[in-house]
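Quick one: the structure is below, and I'll ask about it shortly.
All chains are identified by letter, namely A, B, C and D, in their written order; residue positions are counted from 1 within each chain.
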Amino acid sequence: MTIDIKDLDKVLQQAFDASTAVYKERGFQRRIGFGKKPALISVDLANAWTRPGNPFTCENIDEQIIPGMQRLLAACRANNHVVVHVTTAYQNTDINDPTTDMGMWHHKIPVEAVNLADEHLWAIDSRIAPVDGEYVMMKKRASSFSGTPLAGYLRSCGVDTILVTGVTATACVRTTICDGLAEGFRTIAVRECIGDRVPGAVAWNLYDIDAKFADVESVDHCVDYLNSIKG
Amino acid sequence: MTIDIKDLDKVLQQAFDASTAVYKERGFQRRIGFGKKPALISVDLANAWTRPGNPFTCENIDEQIIPGMQRLLAACRANNHVVVHVTTAYQNTDINDPTTDMGMWHHKIPVEAVNLADEHLWAIDSRIAPVDGEYVMMKKRASSFSGTPLAGYLRSCGVDTILVTGVTATACVRTTICDGLAEGFRTIAVRECIGDRVPGAVAWNLYDIDAKFADVESVDHCVDYLNSIKG
Amino acid sequence: MTIDIKDLDKVLQQAFDASTAVYKERGFQRRIGFGKKPALISVDLANAWTRPGNPFTCENIDEQIIPGMQRLLAACRANNHVVVHVTTAYQNTDINDPTTDMGMWHHKIPVEAVNLADEHLWAIDSRIAPVDGEYVMMKKRASSFSGTPLAGYLRSCGVDTILVTGVTATACVRTTICDGLAEGFRTIAVRECIGDRVPGAVAWNLYDIDAKFADVESVDHCVDYLNSIKG
Amino acid sequence: MTIDIKDLDKVLQQAFDASTAVYKERGFQRRIGFGKKPALISVDLANAWTRPGNPFTCENIDEQIIPGMQRLLAACRANNHVVVHVTTAYQNTDINDPTTDMGMWHHKIPVEAVNLADEHLWAIDSRIAPVDGEYVMMKKRASSFSGTPLAGYLRSCGVDTILVTGVTATACVRTTICDGLAEGFRTIAVRECIGDRVPGAVAWNLYDIDAKFADVESVDHCVDYLNSIKG
């Protein structure tokens, strides 16, 4: 049941190369590019996902995602760009109650692990704590746009571009990205600031995303962009 | 640049096994189950996707997806279940016009290949042609729920369960499934009736879907279910 | 600038009678009826709207809306029906900040009067306080369905009918009703439990609603219905 | 059953004056203003609504709404502004079929009068016929934003302001305006280009709209604005 991750990465890269040959021939994998008015959308970088000991705990948080986020936030704050911190929690985490605000999702994953009463679980990680004027938005579903005012909020701010970070690549980040594009925003996935908790999930999902929904760009590139314009 | 697909499947299975160990320990990969009032949602099984020669042409259509769909449709029609055929086309396919109804998507993929004026491209494949009373719904985005009346339509029909089929696993099927769960439906992905056009894409995306968003079930199992109840 | 309300009511009734003649001839003002699985959706019956001294304070609260709500809640609780208490507040009430979560609405009305930090303002009126298991949902806009998970939540509960109450007829109640119908629910406006703060607004808006979007029914009738079925 | 419309207008104006006193004191009826990138959203000015003989036929079409629309369209076309023509029709107009795409609305109003097969009914009135590049969008519900891609489409065009026209004030225009504001657009109701079919409905609904959801502005003012900027 063990897997040699280097082998996995190597085989995945072979699969991606084969796919890229098809995609290039058919006109996929285009570049959407950065627009003129960005926002940073940080998805579920709250303690239940960033700290050890929760079913939702993810990989590569301390060494990669948090440092990358700190650079992105610094660039946003220096240039007055919109920042939205998204988190997830539920009022009623009784999986046997058919009227829970978890809706249908607890029938697939352990969302009952994040009760609204346990603020320390859904609070944004203190290393990337929101500052005054940054919107902290609660969601109930995977996508940050689904069942939330996010799209309208961003439009009222005049935002045309979203840089998406957080966890997980498989679920909340990918759905947020797909919806962001659908809602009319130039959508960028910030490579090193997107995580997950199982092998290959980040690589595969970022590959699909870059082919069809958003440009996958490095933290370096995104920081340069954020510093190149004023909010 | 070639890839031995048997090797890919084998390595992917190893990755899935490793992920499953994590998921099981943490309480993911639960079963949502079938409800009492199903609808079949068939995504983009229109000629541009099912017939040769289009940038959107997919794999495994003739030998697997169409025959599976025919069995599902027969079971739906025999038992009076709701069927929705979803397709995609655009009024304005000029990629240089910033006011096209393609929105932002042509900046990533070749959606300009399906113009509304070319009905043969977006018409549902004649082998699974809609019959009277089956709703043919046009969408503009990946998800069948995004920017469409689908969720409200299904609620007005009293539907509580959706069986999702079609193409592609990477894009329109996966987003439809994620949104279906979010909108409160028991969501089932019909394994053999979901396709794509690049190696490994169906396997990987169905794995992610089964872990977090929908039960992946066989055509056999779904046909039995559809025959077990009346619409 | 004063107005004799009896005259207003009389003239409005004449206008409604004239409209009804047109509507009846053309097939409007149909009955949607009650379904099998109701939910009570109570809109903005929080202190800023129900208690004196706020820009949002409404009329007829103590003598009519609260007593009616108490009867509806008793019937819901006795029969295990779904209840949702909706309220409204904002994290950032600086009307000069273009990134406020008030979006565009403070450019029309004084939404800055309800800051999220002032829980006593957006807390549901204690005379109709939520009990365990009743979902308290925060919204940012007029409609309880806009930018919220409400439609999907109700679908996951199996609800097919919504009874809408609260304030104001002109804004949050009317938009909630229009969206409720659009999202596929049999929608009922509970006459005596809907309020506003200016003359004629309740009468006119309930007339429009009954003609086109929902059945306007009395508290008595709704209580009888709620007592006739089990949730 | 007859009503003297001059009396109605006079009494309504008294009611509005009384309401305005309350609204002004409390900080309602603010001005949202025009933004930098407008779109004209024309709602249901299709033959079933603009020509005699249909249940949906409206008043003041020939003498007021069409001439006003022609001036607005000329200004949009001269300055390259986005124009969206919205219309409504249904694939299945059998009111006894619970799976009709009319959803729940035929339980209130005669939407079965506009079948998709009768293109002459839902085609935009030829006096204001769409020109190349103007998006003709089909909807199923009252609001042009509900169950449609409109909000995302407008965001992808960079639009920040919508000028709303059409019919009816009571239903499709008012809901479109409420949703437009909610989705983050500066929303303007063009006074002379909004109609209905019953007495007082335009006056009352425009009053509510101006108090809470959008600025009601004259055609003259809107044409001047459209001519003052380039799209």
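Quick notes on this one:
In this text, a residue touches a chain if its C-beta (ideal position, glycine included) is under 8 Å from a C-beta of that chain, and two chains touch if they have at least 3 such contacts.
Source: prediction; values computed, not measured.
A repeat of the C-D interface exists among B-D, A-D or A-B; more than half of the contact pairs are identical by residue number at A-B. Looking at A-C and B-C, the interface holding more C-beta pairs in contact is that of A-C. We define each chain's centre as the mean of its Cα atoms; on that basis chain B and chain C are separated by 37 Å.
In chain D, the residues touching two or more other chains are 103-104, 141, 146-147, 149, 152-153, 156-158, 182, 184-185. Across the complex, chain B meets chain C through its residues 149, 151-158, 160, 182-185. Put simply, chain C touches chain D in their complex at residues 1-3, 7-8, 11-12, 14-15, 17-19, 21-23, 26-33, 55-56, 103-110, 113, 141-143, 146-147, 170-171, 175, 178-179, 181-182, 184-187, 197-201, 204-205, 208, 211-214.
Chain C contributes residues 82, 91-92, 97-99, 101, 103-104, 133, 135-138, 140-141, 146-150, 152-153, 156-158 to its touches with chain A in the complex.
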